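What follows is a set of structures for review.
Each of the next two complexes has chain A plus one other chain: chain B in the first, chain C in the second.
What follows is the complex of A and B.
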């Protein structure tokens, strides 16, 4: 088997394909790091402008996450400015009005490079593993030897996986070191621990697509059919399933968009001010706290009805998107980079609870100092054993299953 | 010639590849139809509800303006989901977007499966996959020599190959579009307008021009490079640059090129400087009042009101110029991204369907025109107009030993009959206007075609067929 791995390595190292694909990977990673760091730096600048003084308690803003250079995720959302007041929380829209180029064109961060390009490279490196050899006529020779079919296929898989993953992991390591040396990025244990998990996950992800390419290759006879089928599956798994999953879930879930809810929130506040004013016109004693309680009740009601709906929607979306390993990988990597959905939910919940504890003090209905908001992020251990676990298991299962299928297909393959 | 075209088309159509493409395209277009019909229904209900609620409460302080949901959004959605849902219009033309986040901000933002996405990403990839081995493949299998030894010339061979690729692409594209159109028009019959049909037909032609350039590109490289897998690799790299890298980096590059500070750093710098400006004016008036130069309360109010109004005006014009700068930067980004034909196609499709940046500009123009009507109405009712910037000022000044509160003037609500309140209605976009806007970008696509076609012919002519 080691002979086969060696043969695969040497054979492919001599092709244009390896150098073109590795060059592409290098260019894209370079662009991704430059662009994402620029974006992160901009957010840090904004944060420094917006950061309230130490004594201010009615404004909350979290610093941008350095790991968002690798996976931007929802970091721009998490880092928005929350202004707390008697009327509830006002969330500022995006920090910087990004020019509306087009919704397709998101920031090409490392997550994007891995999710789209590493998968493409894996498929392109593996599509001719079996049928290409058959076209050349060497497959018969190879199987005539003493090695069984399963070791032959495993050797091919391993060889091609190394060709895809080794250049990637070297570039990834260099990128991580470069990023950790940049200003505004503190690369401690936390940074390296999280990046290590991301690197392992991307290994499993690349293995999935190498196995997929090999599976397709051992199902068809011609390599031109194999490349077509492989690329079709790549489009399906990387673009179609994750995108449609989100849109379909929104369509089925029938949950109103959050901006509409925010607007409804405003309307409810205005309505309760108006009503209380009408009541107070005739009252002898003017009790302004009434207005505030009324507004608060309206807000709480809106939040409590909206929240479970949104949770259901998120659950549904995750289930649909995870059909593709690309979806599972995106969830895992954003959670590891602290820019995922669960992180966002945690931030919003903590702010909500903070307001709940201090509501009366904000409105000066009760004496006393408003406590300072302190965000306690979920620790690395909690994340690994919690939110990241289902995706990690999926990423382990998919390549294993695909390798099994590929061996099965190769056993029945006609080498003539 | 026709026989060879027929043979080529049959070769493609009978292959497994074609079946996969057809199925994928049908699924995508069906999903597109269902999703957009559903979303349009939701948006239309919400829009009419909001407009009715708005009309019941006409206000002279400020009103809200909403763009109508775009009927052709299924062709090119153009990021309208991330655009503000509407604008508040104050007196004296102060227009502010309503606060919005993305739709459901916790969910990942994904490109919508609109026609433009399906065509620019997925069909362009398939154009490459169908055409990459057209020449190089024939050569590898040794049939190219045979073909060229017959009466068929090289030019004709290339034309035959090109026509076959385009027909093979057009079949799934047309089937998909028809499926999407039927789905949309069955679910929401009221969108069946002439604009609906003309928009779809124009998009089909635009898509053909766009895909044709990928066909020419593939034929060019296929006759230039003799190894078909190397052709495919090169094409995929070019494809990644066109559809992903150039459009993605244009935004960031334009940010580097045009050095505009962020909204918040502006607010932070602007606040103190404007305050200083206003308070120095008020300080002078305060001094005059203390010296007894301003005698009555009315005179003081008149002069301070004027000072405040000037301050507000300079704030408003500052914000306006900032917005202009941001828009300028967006224009730079668009220009940079036009290096890629994918961006050209996207912008042309947006113009044809009446979505995207030109639609926003048109809406804002109409909103400004309406703001004049609105101001005239308010002037007729209350007799004065007050522009506010979102900043408010107030203090006390002693006149004749009595403390008088002065503050920046606020717009007033007219308490009388407001049944003649002017209504805002967005003018539907004339189809000709959209085509005119799309002209430049389409011309760019045609230019790409011409250049690549010439290169392909040149390469086939000089190609060594042995």
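What follows is the complex of A and C.
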């Protein structure tokens, strides 16, 4: 098997394809790091401008996450300014100083490069692994030897995987070192541990698409058919399934848009203020605590009714999107970069609980200092054993299953 | 001769299994995506109407001058053709604390993503071996030896390939559009059918650009394997990289201050600073001009009303006082608003410059031009955003004027009336968004139409020139 791996490496290293694909990956990773760091730097500047003074307790803003340079995810969202009060929470709209054109296109971060381009490179590197040899007539010779079919296929798979992943991991390592040395990025243990998980996940993800390309190559007789089928599956797994998953989930999830909930909340607050003022009009002693309690009650009711619906929708979306390894990888990488959906939910939950604990003080219904907001993010260990686990298992399962299928197909492959 | 080459190309494609499979998949995806998005659109329309009604009823029942702006937020309804082109996803703007975070991370599948990603890739898949593949199969030599001129062969291959791509694509789009037209919730008008026709033409242009790219690299490569790699490299750059990178590059080249900082500054000016100035000026006025009214001003409402009723001269004096108070508030409001608006205008100008720069950078990709035209045509993009903001601002001013007049007439009737009292606003003007006309939607994107045409011409011409010197052996 080692000989097969060596043969695959030597045969493909000097090819035009290897140079083009590696060049493409290098260019994209470079662009991604430059653009993403620039964007991160802008967010840091915004954060420094908006950061409230130490004694201010009714405004919260979290610093941008350095790992968002690799996967921006929801970082711009989480890092917005939250203005708190007894009436609820206001989020600053359009905090990011990026033109509206960006909302029409995707974010060109490392997540995008790996999810889309690395997967494409993997498929393009493996589509002729078996049928290409058959076309050249070398497959018959190879199988005429003493090596069994399974080791031949595993050797080919390993060889092609190394050709894809080795240049990637070298570039990724260089990018990680460069980023860790940039201003505003603290590259401590946490940074490296998280990037190590992302690198492993990228390996599994690339292996999935190399295995997919090899499987397709073991099912057809011609390279031209194999490349067509490989690209069709790549489009299906990278674009169609995740995007259609979100579309289907939103369509069947039957969750009201947040604008409706916001409006109901707003009108309930105005109603409480208005009604109380009508009652107070003729009172000599004006007690506005009633307004506060009514508004709080309305807020809590709406939040507690809406939240389970939203959680269900998120759960359904995740389940549908995870049908594709691309979806599972995106969830895993954003969670590891602290820019995922769970981080967004956790921040909002903690802010909500903070207001709940300090509501009377915010509304001046109780004397005393409002406590300082302390966000305790989930630790690396908690994330790995919790939110990242299903995606990690999926990313382990998919290449294993595809390799199994590829071996099965190759066992029955006619090399003539 | 040209007709023969075109017919051969079409026949070859139509009998090809991969061609049938690709067309079948695109048809299936097109119809399923339109069907799902139409259902979602119907829900959005229902929700929008019910929200409008709820807010209207609230203002009718509890309207008061003080919080009118807060209670009369304008809702933006879904665009009629949003089931086809999602454009700027409003849920992804995350304006509310409880917004669903998923749309920020993952986008939805619509007509635009199907054409820009899938159709462009299919176009490349069908053109990358149009020349190099024929050479490998040995057919190219035979065809050229039989007297077919090179230019006829290339034009025929281009037209034949394009027709065989466009025909099934058009059928699938028409099927999807028929589904849209039959949806009772959408109620398409004649202008919408015009937009649908333009979208179809736009898609043809877009697909022809990528067919041209495939043909160009096919004519510049000796083998199909080289042609596919070069074509895919170009595809990745034009579809995945340039459009996504350009807005961020524009932000690097031309940074603008934080929108949140500007909002904060404006808020301070029209809220806290305004309150402070009003308080100061009212205090000064009460202490100097209306010192005699000081004992009355602090009384509960019913006692003020009783005192005014029992003393006509006091009533007259209080009326003057109330009027001057309102004048001070109105003058301070006007000054502070003008100050805040000036800051907003400067920021808006800088944002527009950055957006223009991003538009210029991004126009190097056919995808960006397609997206900008499609979103503007269907009123789901940036121009529609500007259009809506303008109308919404005008309405806010009209409503403010109406409410102000109403409030003043109430104060005229009852000097003790204040801005927290019920104000009958049932006769208020209602916000009715007027979508831009078809010409207004086309006009801003004429350069983009031009760029797409230039792309097609450039790639075809380059393929033509390359094929003239192509070694067929």
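One rule holds in what follows: the second predicted complex is superposed on the first by the 404 of 416 C-alpha atoms of A that agree within 3 Å, B and C clash if a C-alpha of one lies under 4 Å from a C-alpha of the other, contacts with A are read in each partner's own complex, and residues count from 1 in each chain.
Throughout what follows, a residue touches a chain if its C-beta (ideal position, glycine included) is under 8 Å from a C-beta of that chain, and two chains touch if they have at least 3 such contacts.
A quick note: this is a predicted structure, and the numbers were derived from the prediction, not measured.
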| item | value |
| --- | --- |
| Superposed partners chain B and chain C on chain A - clash or fit | clash |
| Which superposed partner A:379 touches (first chain B, second chain C, both, neither) | neither |
| Chain A residues touched - chain C or chain B, whichever exceeds | C |
| Contacts of A:2 with chain B and chain C, given as first, second, both or neither | neither |
| Touched partner set for A:305, first chain B, second chain C, both or neither | neither |
| First (chain B), second (chain C), both or neither touched by A:330 | both |
| Which of chain B and chain C A:49 touches, first, second, both or neither | both |
| First, second, both or neither for A:242, with chain B first and chain C second | both |
| First (chain B), second (chain C), both or neither touched by A:138 | neither |
| Footprint overlap on chain A, comparing chain B with chain C | 16-17, 20-21, 24, 28, 31, 35, 38-39, 42, 45-46, 49-50, 73-74, 77, 81, 90-108, 116-117, 120, 124, 128, 223-225, 227-228, 231-232, 235, 239-240, 242-244, 246-251, 255, 257-260, 262-263, 310, 313-314, 317, 330, 341, 344-345 |
| Chain A-touching residues of chain C, taken from the complex the two chains share | 18, 21-22, 25, 29, 32-33, 36-37, 39-40, 43-44, 47, 51, 54-55, 58, 62, 64, 67, 70-71, 73, 75, 87-110, 113, 117-118, 121, 125, 129, 133, 224-226, 228-230, 232-233, 236, 240-241, 243-252, 255-261, 263-264, 300-302, 351, 354-355, 358-359, 362, 368, 371-372, 375, 381-382, 385, 420 |
| Residues of chain A defined as touching chain B within the complex | 16-17, 20-21, 24, 28, 31, 35, 38-39, 42, 45-46, 49-50, 73-74, 77, 81, 90-108, 116-117, 120, 124, 128, 220, 223-225, 227-229, 231-232, 235-236, 239-240, 242-244, 246-251, 255, 257-260, 262-263, 310, 313-314, 317, 330, 341, 344-345 |
| Complex contacts: residues of chain A adjacent to chain C | 16-17, 20-21, 24, 28, 31, 35-36, 38-39, 42, 45-46, 49-50, 73-74, 77, 80-82, 88-108, 112, 116-117, 120, 124, 128, 223-225, 227-228, 231-232, 235, 239-240, 242-251, 254-264, 266-267, 270-271, 273-274, 277, 281-284, 303, 306-307, 310, 313-314, 317, 321, 327, 330, 334, 340-341, 344-345, 348, 351 |
| Chain A contact footprint on chain B (complex, rising order) | 15-17, 20-21, 24, 27-28, 31, 34-35, 38-39, 46, 77-79, 81-83, 85, 98-113, 117, 120-122, 125, 129, 133, 137, 227-230, 232-234, 236-237, 240, 244-245, 247-252, 254-256, 262-265, 268, 326, 329-330, 333-334, 337, 343, 346, 356-357, 360 |
